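Pasting the structures in now, so scroll down.
Heads up, the next two complexes both have chain A, just with different partners, chain B and then chain C.
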Partner chain A sequence: MTRRFDLAETTRRALNQALHDASGGESFEVANPRGAHAVACGITADIDVVVRGSVGYYCAGMHQRGRVLVEGNASTGLAENIMSGEVRITGNATMSAAATGCGGLVVVGGNAGARCGISMKGIDIVVGGNVGHMSAFMAQAGNLVVCGDAAADLGDSIYEAQIFVRGDVESLGADCVEKEMRPEHTETLRSLLAAAAPATGGAEVSQFRRYGSARRLYNFNIDDVDALETERDAREAVR
Partner chain B sequence: MCGIVGLFCKTETHRHELGRLTAVMLREMRDRGPDSAGFASYDTGVPGRIRITVLAEGIEVDWGPVAAALEKVLDAEVTVRGVHDHAVFSTDGDGRAARQWIIDNVAGASVLSYGSQIELYKAVGDPDLVAERYDLGSRTGTHALAHTRMATESAVTTNGSHPFATGADTCLVHNGSLSNHNRLRRFLEGHGESFQTENDSEVAAGYLSWRMRSGDSISQALEGALEDLDGFYTFAIGVADGFAILRDPIACKPAVVAETDDWVAMSSEYRAIARLPGATHAEIWEPEPARIYTWSLAA
Partner chain C sequence: MSTPLPDGVEPVESSDPDFWHLRESYTFDRNVIAEIRRAANTGIYRIRGWGAKRHLPTLDDLVFLGASMSRYPLEGYREACGTDVVIGEGRAERPVHLKIPVTIAGMSFGSLSAQAKEALGRGASAAGTSTTTGDGGMTDEERQHSATLVYQYLPSRYGMNPDHLRVADAIEVVVGQGAKPGGGGMLLGQKITERVAEMRTLPEGIDQRSACRHPDWTGPDDLEIKIGELREITDWQVPIYVKVGAARPYYDTALAVKAGADAVVVDGMQGGTAATQDVFIEHVGIPTLAAIGESVRALRELGVHRREVKLIVAGGIRSGADVAKALALGADAASIGTAALIAIGDNDPAYEAEYQALGTSAGFWEDFQAGTDPAGITTQDPDLSARLDPVLAGRRLANYLQVLTIETQILARANGKSHVLNLEPEDLAALTVEAAAMAKVPLAGTGWVPGAG
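Up next, the complex of A and B:
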């Protein structure tokens, strides 16, 4: 049975409380979000939530378990600090989508704005359209897949996250470089495209290029350069 | 944090309810800025007739003698009507000269705007009450801008409230802060602009007025702004025949735009747009950093 909440009639707080009280297996449907902030935040149970309309800031923030689908657009900080589970939107996301995400999957059907995946820490993000400038800024771990184009300064100061872009990259940020697409990367990308369908619009693995850290910026010490090379080879080998 | 909204009616459809729709948008941005609010609206006006909106906060001014004195200075007919602590002068004389004369000669008065199409009101207090007091809801016209202010670095005063207008029919609302406004203010003062506050956003308005007075289009003026303004900004700008949006190259300050066949709306947050007629079918996007967006009534 699906429980329905109409945000034109009930408060967002009542909705979120119901979502927090859920024990798992329930379905929820949310009508008339009208750009409200913090819709479906902090879900900890294995539930399904469908939001019919566009949401405001921090939708599905701190998401821990379950699936949230937004049929519309999302404003700043979609699924910020998501730990696991899934958050999908059919439309566009504005700034800082999936910022600081530690795990799980975020799928943006349309475009994502500036700083998508900023400081990502293990999350997988798939964007059907383009991403804005400084996406994956200081990205530490996880994967950002962009089926369209990436705006300026992609992956600036990136650590160990991986970026896959199908279209054009306006420019790469500091210490971000194009890297070889090896079989393990192909496999990662293939599974992410499959998980994000149909938002990927039929994108194929062979159309993507991979970007990542040149590892010249962080923990860099010229005296350690030989050790870094050895360490990098070792790390790449275990991937 | 501040809230800004702008509504530009491309067609006649919603011009009769421009003020009502702007008030609906302003209300949604109340909690981004509960300290003070202001709005500017543009209508077709009377050809050749200039309106000057003046604020005299906390003082009683007998506007009749002021209008009489202004008539002599301009050598043109001047009428005036009071709207609470605001007054709207109307003349077929020189608006720029009238603005400067009022600034120089009416103690305690600030000129909020002048032009053939613009009127501008602002006050300290709840944005809803400000909209109600100056009857935003009944205004008709082509476009409007409004602002709710949460003062973070300077006092809550009416003079710190937006919109700011220093040139004819040109006004601006700003979310952000400029870091080079003092030097720029001195430069602009040397080039004939006059300012009434210490506010950074007034300098941005003055900059655009200066560029447009020098013959620039709004697009050209904003290209210059990208070079000459240093700081954080999302601007919504009104001019006599159009509407524009500009964000700084970093674009930290929020903005969302929606467009239908009938209107273009801009706001800090989508919820201000969500309540407009036809919003569910509007094309909605986030304006890109350092990109100039303009809409013109002439187009």
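Up next, the complex of A and C:
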């Protein structure tokens, strides 16, 4: 049985408390979210939540288990710091979608704004449309799949996360480079596209390029002129 | 780093009259020369731990007036003088109750050894106060050893886990810290061991430069929404603090209140760090003394001072006198970091030979980034860490916290106060014009507050 919450009549607090009190297996439907913030955040049980309408900031924030589907758009920080489970939205997500996510899957049917996947730490993100500038900024681990184009400075200061883009990349950020698509990457991409369908709009693995870290920023560049002088002195002494 | 003298050359003794004509430049003293030489050799800015080392106006520039004809003192050992502080009453289901007005500031596992974190937890718990996690997440040991644990929510979100959020006794949203308002954390490769790397989802051995801005909010309006989310996720159980480096304390405090904070933590420029650029430590932010009054002014104007929103002041707090003066200026509690590390054994003269082998000396050790701490505190080296006995070190911290508390009570009673939070600016006078202007208390022997009226 599906429990219905109409946010025109009940508070966000009542909704979230009910979701937190769920033990698993339940289904929830949320009507009239009307851009409310922090809707369905902090879910820990294996439940299904469908939100009919657009939401504000931090929808499904820190999601840990179960599935959240938003039929609409989401504002800043959709599924921020998601640990596992799934969050899907049919429309667009504005800034910092899936920021710092540690695991699980986030699927954006439309476009994602700036800094999608910023500081991501293991999550898989699939965007059906385009992503905004500085997406995957300081991305540490996980996969960002973009079926459309990527705006400027993609993957700036990226660590070990992987980025797959089907369309054009306006520019790559510092230390982000195009990398060879090896069989293991093809396999990862294939399974992510399958998991995210139909949001991927029929995108095929062969249409994507892979980007990742050149690892040139991992350590400070420290000179040691004194040591060079000592070396030279030593060489001269031997001579 | 410093070039050794060639064979047969002895250093000049300043007591030798033959060299009395030598005059060291104030502008280019030996410390400056050493830094220019170091920069020229390495091509990298200086990174170090500790806080600002230069001379600054401090709480030492204030004195208490004590009791006199018109003020009754309280009997030192007989009459009660309360020290408890409550944070988050009214908004959080489980407010934080501190027995003493001194807390332990945020310091991460990673920057500190597991033994050091345990010692802080043990000491603070014995004294009835809180410890705070740092940039790197919460360890199970830390939760276990701290009766009251504040979970920091930082820009990097390293190790950020909602399960930890829910087991914390309070959440501290870190906007900045006194050592580097506007700067992100640093942890150099020597300290990114396997466990630290795993907690932070980083490759082992890299020089970690954390984000300086939160990834999913910008500015006070967003912060209000973020605090709302944190409250929703934790079902409004625990208080939420906002920590800022002392930059624009009046505005930062007002905006933190507006964003819904239960407590504002203001960290002055003397506040310590595990690893930051020296230029940041010494040249960004304002002294603790200058920050307190401004934060209090914001709280008073908003009608929340000593009521809904508590003020915790940090940055160079060393003694009960510092605590009492911070409270008299309007803080609800003071927070210690560097002093707590010293209490558990940082810069211990017992390790002098080893400090010298590292090119330093007990009392000067500041290379917390290096991971070579002889005292086993700011390191991830298992052999060095094992030197710190967390039980003994915890006892030392508990003793130190007790002294801070009793000293604070001594000063409160001397000013006739039955609770340390009854101390007020009227109990203070300033010894310098600068301190009078910054703290907004009269210059001693006058009624003059520079800049007032």
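Just so it is clear, the second predicted complex is superposed on the first by the 219 of 239 C-alpha atoms of A that agree within 3 Å, B and C clash if a C-alpha of one lies under 4 Å from a C-alpha of the other, contacts with A are read in each partner's own complex, and residues count from 1 in each chain.
Rule of thumb we're sticking to: a contact is a pair of C-beta atoms (placed from the backbone, for glycine too) under 8 Å apart; a residue touches a chain by one contact, two chains touch by 3 or more.
Since we're looking at a predicted model, the values are computed, not measured.
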**OP:** Go through the superposed model and pick first if A:G132 touches only chain B, second if only chain C, both, or neither.
**Re:** first
Original post:
Just chain B (first), just chain C (second), both, or neither: which does A:R34 touch?
Top reply: first
**OP:** Applying the touch criterion given at the start, work out whether A:T76 contacts chain B, chain C, both or neither, answering first, second, both or neither.
**Re:** both
Original post:
Looking at the overlay, does A:G42 come into contact with chain B only (first), chain C only (second), both, or neither?
Top reply: second
Subject >> Touching partner for A:G56 - first (chain B), second (chain C), both, neither >> reply: both
Subject >> Partner chain in contact with A:F5 - chain B first, chain C second, else both or neither >> reply: neither
Original post:
Hey, is it chain B or chain C that touches more of chain A?
Top reply: C
Original post:
Where does A:A114 make contact in the superposed view: on chain B (first), on chain C (second), on both, or on neither?
Top reply: first
Subject >> Partner chain(s) touched by A:M95 [first = chain B, second = chain C, both, neither] >> reply: both
Subject >> Touching both chain B and chain C, residues of chain A >> reply: 56-57, 76, 95
Subject >> List of chain B residues in touch with chain A within their complex >> reply: 28, 251-252, 254, 256, 269-275, 280, 284-286, 288-289
Original post:
Contact residues on chain A for chain B in the complex?
Top reply: 34-36, 53-54, 56-57, 73, 75-76, 91-92, 94-95, 111, 113-114, 132-133, 151
**OP:** Going by the contact rule at the top, pick out the chain C residues touching chain A in the complex.
**Re:** 3, 40-44, 156-157, 160-163, 165, 188-189, 200-203, 205-207, 211, 215-217, 222, 225-226, 228-229, 232-236
Subject >> Complex contacts: residues of chain A adjacent to chain C >> reply: 12-13, 16-17, 20, 37-38, 41-42, 44, 56-58, 61-62, 64, 76-77, 80-81, 83, 95-96, 99-100, 102, 115, 118-119, 121-122, 137-138, 140-141, 159-160, 218-226
